[in-house]
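Working notes, beginning with the structure itself.
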């Protein structure tokens, strides 16, 4: 399967294309941009979790010097003020009702941010507080106050028939899927274990908070510079809201200071564009870190898992029931609950499976995509319970997993892509690296966990590759550079196919007026999907070069090869510039190649077959300070099956970052609410991992069998290694202490309480 | 983003006193600004006048004389960390300065600012209590008054400083010769959940406690000494320190439930870290090396 | 934030009840209260509440609405207001229950409320503590006022 | 509400990246805004705005400060170094080289601050240990890399040669 190597550029840790810009301060992010005549927008946010807006008095605010306009929802009669990828449930500014603390209710446009802030304080809003539901329990209680009372409207990326809200409740979507005999499979199980787990609300904390800059031209065209992971989704939203043809909207994305899913789908772009239209001037909206906490977060979840096993260790039946709290607006929540539950049962062969998940509205910051997309919540539960099952069967947890692993090529779900990697090899590597079979020191515990995740499907990526007259290359791709190094990888792919040095390849940044369609930079899909599109586009150029050369060299195409900027064959060699002169009859013109990857819909349960399976294993060695409950991660090993690393250093960087981010929600991070009030929307009180949280040993290993669906046998990386972190740590702690943890994060106090309870009850 | 203010930069205390006397609570004393400017950016504090105390003669000095180490209010944590005088007289104070917040805060943040702000999760005061710290407050009307740091800090963000007063220096009393101290702070948040300072003098045979000092902070409204336990430990064999227990009720030790944790957990952690600090101080007193590395804990 | 206090006042319930409706005397019992005035008797009142938490000064014009009154036993109020400078929103529900006992009146005070906005987020525990101190002080002043 | 004082201008004379700059700013201007908006030095970033994350780190007289919480007037008469002054594309500082080589850069939003923080450490201590580096980086957050490669990059410069500016 592995394409004949060796590769020249692929598989090498070439320097990031943007590295020099980033270490010299030249890299430009959204808030580094400005345009002449630009106004600054600031948002007034609701202090209430749920309130009716009786009136908004903007007179005094409007009179503030330096203020251009003060805007509330009543000013948006000229457009469709609602947006959202699943449901169009989110207004530009709160209409009649504010549904979470921090929801924007009014906006000030000012010549400078200071004037905006002064005016913001002068807006008088008369609120009538309404009963709020701020937890899953409250939201699902019979007769609970409703976050949304109006009929849902399908969003821009979903038809309503696929969405299943439950009228009269806070449930905005439900998903069920069964395999084999579903829950009836438990009848034949010899051992049944069941437990409940919760996963906290956590914040992406991209170092760069969201921002957008919008400008309309005199002909009604719109340009938006956006810190978004998917400019084309943003474009569709804007086109629908403002009734503008797609071709008249230009979304340009500079470098992103981190994304992690928090910058998928429209966030600030709709309000910024609407404000710019009202003002007749360009508008920039750059929110603070504190406001980012009020923009999007990971969905918290509670999960019930039941596992049935046969005496011989076969996992026989599994049932997972998950409630995801999507906050006040659905965002992409309905897809998260589907995707998260879909692979809840992990990389195991289980004949009978019943899965149920639902997305639930609450009066809190909207939940959205976050690295792992619903899978971390489920893996935390399933992988924890699987260890308990192993203990009950007196089986080694690694061995029990190994016995049940799906094999390469095996079907996971009818109609979906067969397993495209080797879980066994990954598990073996992880167990070996953590010295699983050797006894741990008395004060250490070891744990493992696995995960598999589908990428988004159906899906589309298109790319253009241009070979210029001097033999240099430009890749046009709408993949967003948010730190993951995608642009470097795409350049490597083009350089590999076209046999040019990487320094000769540029990658044009996302601009919907220039770079072709790409669905999204998320779901670990860019290397695979855009990578293939770029590979195909470069291949298109290569074929053109060969055809031109064939005319000169007088050889069949099959005898021609590309080497270092030349086409070679039959002892002759022709440089690309010469071939272009040959083609165009002069020193001008360029070759353009096009690549399209669009696998389309399928009969798979989620409507499309995953382009690849993301596969990862985590293994942790932990210690605990019994007196304080503080957990230390001594060692962490992550193994990801990536088919082929295009850029090994970047793969490592992705996984090291993923593990640390995973340790964040495992040990430290949680957005704390009191009623509807978020108590810690800042880094003093919300603790993200810092350098001192690095495990003493952190190793990220890779399984490479060249069997990925992407270019050169590669496939996606980046989300997978985050997912096993919490169950690996939880399992290690359970083996060390005998206490099973079901709630995250594992703060010292939480661990201390559990250990104290164990001491009271005696040994487990 | 800050709102406009008038910046005044007096060079002497009388000048400062005059400005403060004029503006009272419309003025804010400003040194490093590491706490104040954050509140001002949030709009929670909006002084009309900012009085920069950094240029006031004497406030930036460190001096030791007559058994007292005097640290000027405008001395930065960075300066304390590097000061040979502080190292000579209160080494624990110099070492702990290395662990205040982060390197940027230490560059600009000052001892006086920290104490006067009285953030309950700021731990400088806890350590200073170990040194029987007293603070000097000066006003144009009344001149200087000195009061124990323990009385100066009244509660969260509240001190005994009057509107017309400026904190000029803190006066520390170095541990007696032969005494050994330790300071531990614990927590996973940006700021400590708990700070415990301990100092022990041992008898000549290094078997029993001759004198003990203990301070606990961050868990409650204000840091405090544990006078009862200090007395109770006198004469105790060193081995008994592992079983030392704070009688929270008798000591008036309280804890607040907040984002750092529940009150009962914090009180229990106070017990744990009092034992650990005593053990570390005793080991140092006996010139022994012990492993004092605990998770999420700074030990100096 | 939920607070509860119980105290015994050296007066009969009727006397205490009368004090509760005496605007100037009642206002004097509430720490930081000024500009108290009646808008509609037994229905709506206005006042300004000032508090200083460390460097942060708060001055909130509040509207008090009587939601239930059963003399001389039970009184329920809501108080709400906003300090535009600090950006704090205050919303409180208060209940006062008076019961005659041998030594006077047992007064049970229940308060449930929120301080919303930046202040609440920055100093939740501190705000709660201040609220408790304020409630304690209110009880003390009430006990004194009834005796004077 | 007390009357808001009118913004008062202050004259500044700063050496920024070795070049003397004279300008007038409002007294309440923050150094970060002056650097970014007045001097077009965009390398320092605003993120947490509370002195925790370090994205805005610049050096004032060699000491790292949070430009987001530092009055511009405080820099008057002082030497300010931003990432732009550390080294340009043609003459990278060894730390910049090391960050590039070790893959210590991902999204880049923390990078300027990381570099300047690291420079301050190496200027003070030519050969810090890994533990000292980790301690020093307490106030510099990175959400992408997981820190391993950042620590490695600084370690690679920790040996005496890396601190020459």
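Residue numbering begins at 1 within each chain, and the chains themselves are lettered A, B, C and D in the order written.
Please note the rule applied: a contact is a pair of C-beta atoms (placed from the backbone, for glycine too) under 8 Å apart; a residue touches a chain by one contact, two chains touch by 3 or more.
Keep in mind that this is a model prediction, so the values were computed, not measured.
The chain pair B-D and the chain pair A-B differ in C-beta contact count, and the higher one is B-D. Work out the mean CA point of chain A and of chain C, and you get 48 Å between them. Centre-to-centre spacing of chain B and chain D amounts to 29 Å, using the average Cα coordinate of each chain. Separating the centre of chain A from that of chain B, both taken as means of CA atoms, is a distance of 44 Å. Within chain B, residues 1, 3, 43, 46, 190, 259 each touch two or more of the remaining chains.
Shared contact sites, meaning residues of chain C that touch two or more other chains, fall at 84-85, 87, 124.
Shown for chain D are the residues in touch with two or more other chains, namely 4, 49-50, 52, 135, 138, 140.
Inter-chain contacts occur between A-B, A-C, A-D, B-C, B-D.
Put simply, chain A touches chain B in their complex at residues 113-114, 117-118, 121, 623-625, 627-628, 630-632, 667-668, 672, 679-680, 683-685, 687, 747-749, 752-753. Chain D contributes residues 2-8, 10, 26-30, 33, 49-52, 54, 57, 60, 63-66, 69-71, 73-74, 117, 120-121, 135-136, 138-140 to its touches with chain B in the complex. Within the complex formed with chain C, the chain B residues making contact are 25, 28, 36, 39, 42-46, 117-118, 120, 155-158, 221, 256-259. On chain A, the positions that touch chain C within their shared complex are 47-48, 101, 121-122, 124, 129, 674-675, 677-682. Put simply, chain A touches chain D in their complex at residues 13, 15-16, 18-29, 31-32, 118, 204-209, 255-260, 288-290, 482-485, 649-650, 652-653, 656-661, 682-684, 688-692, 694, 698.
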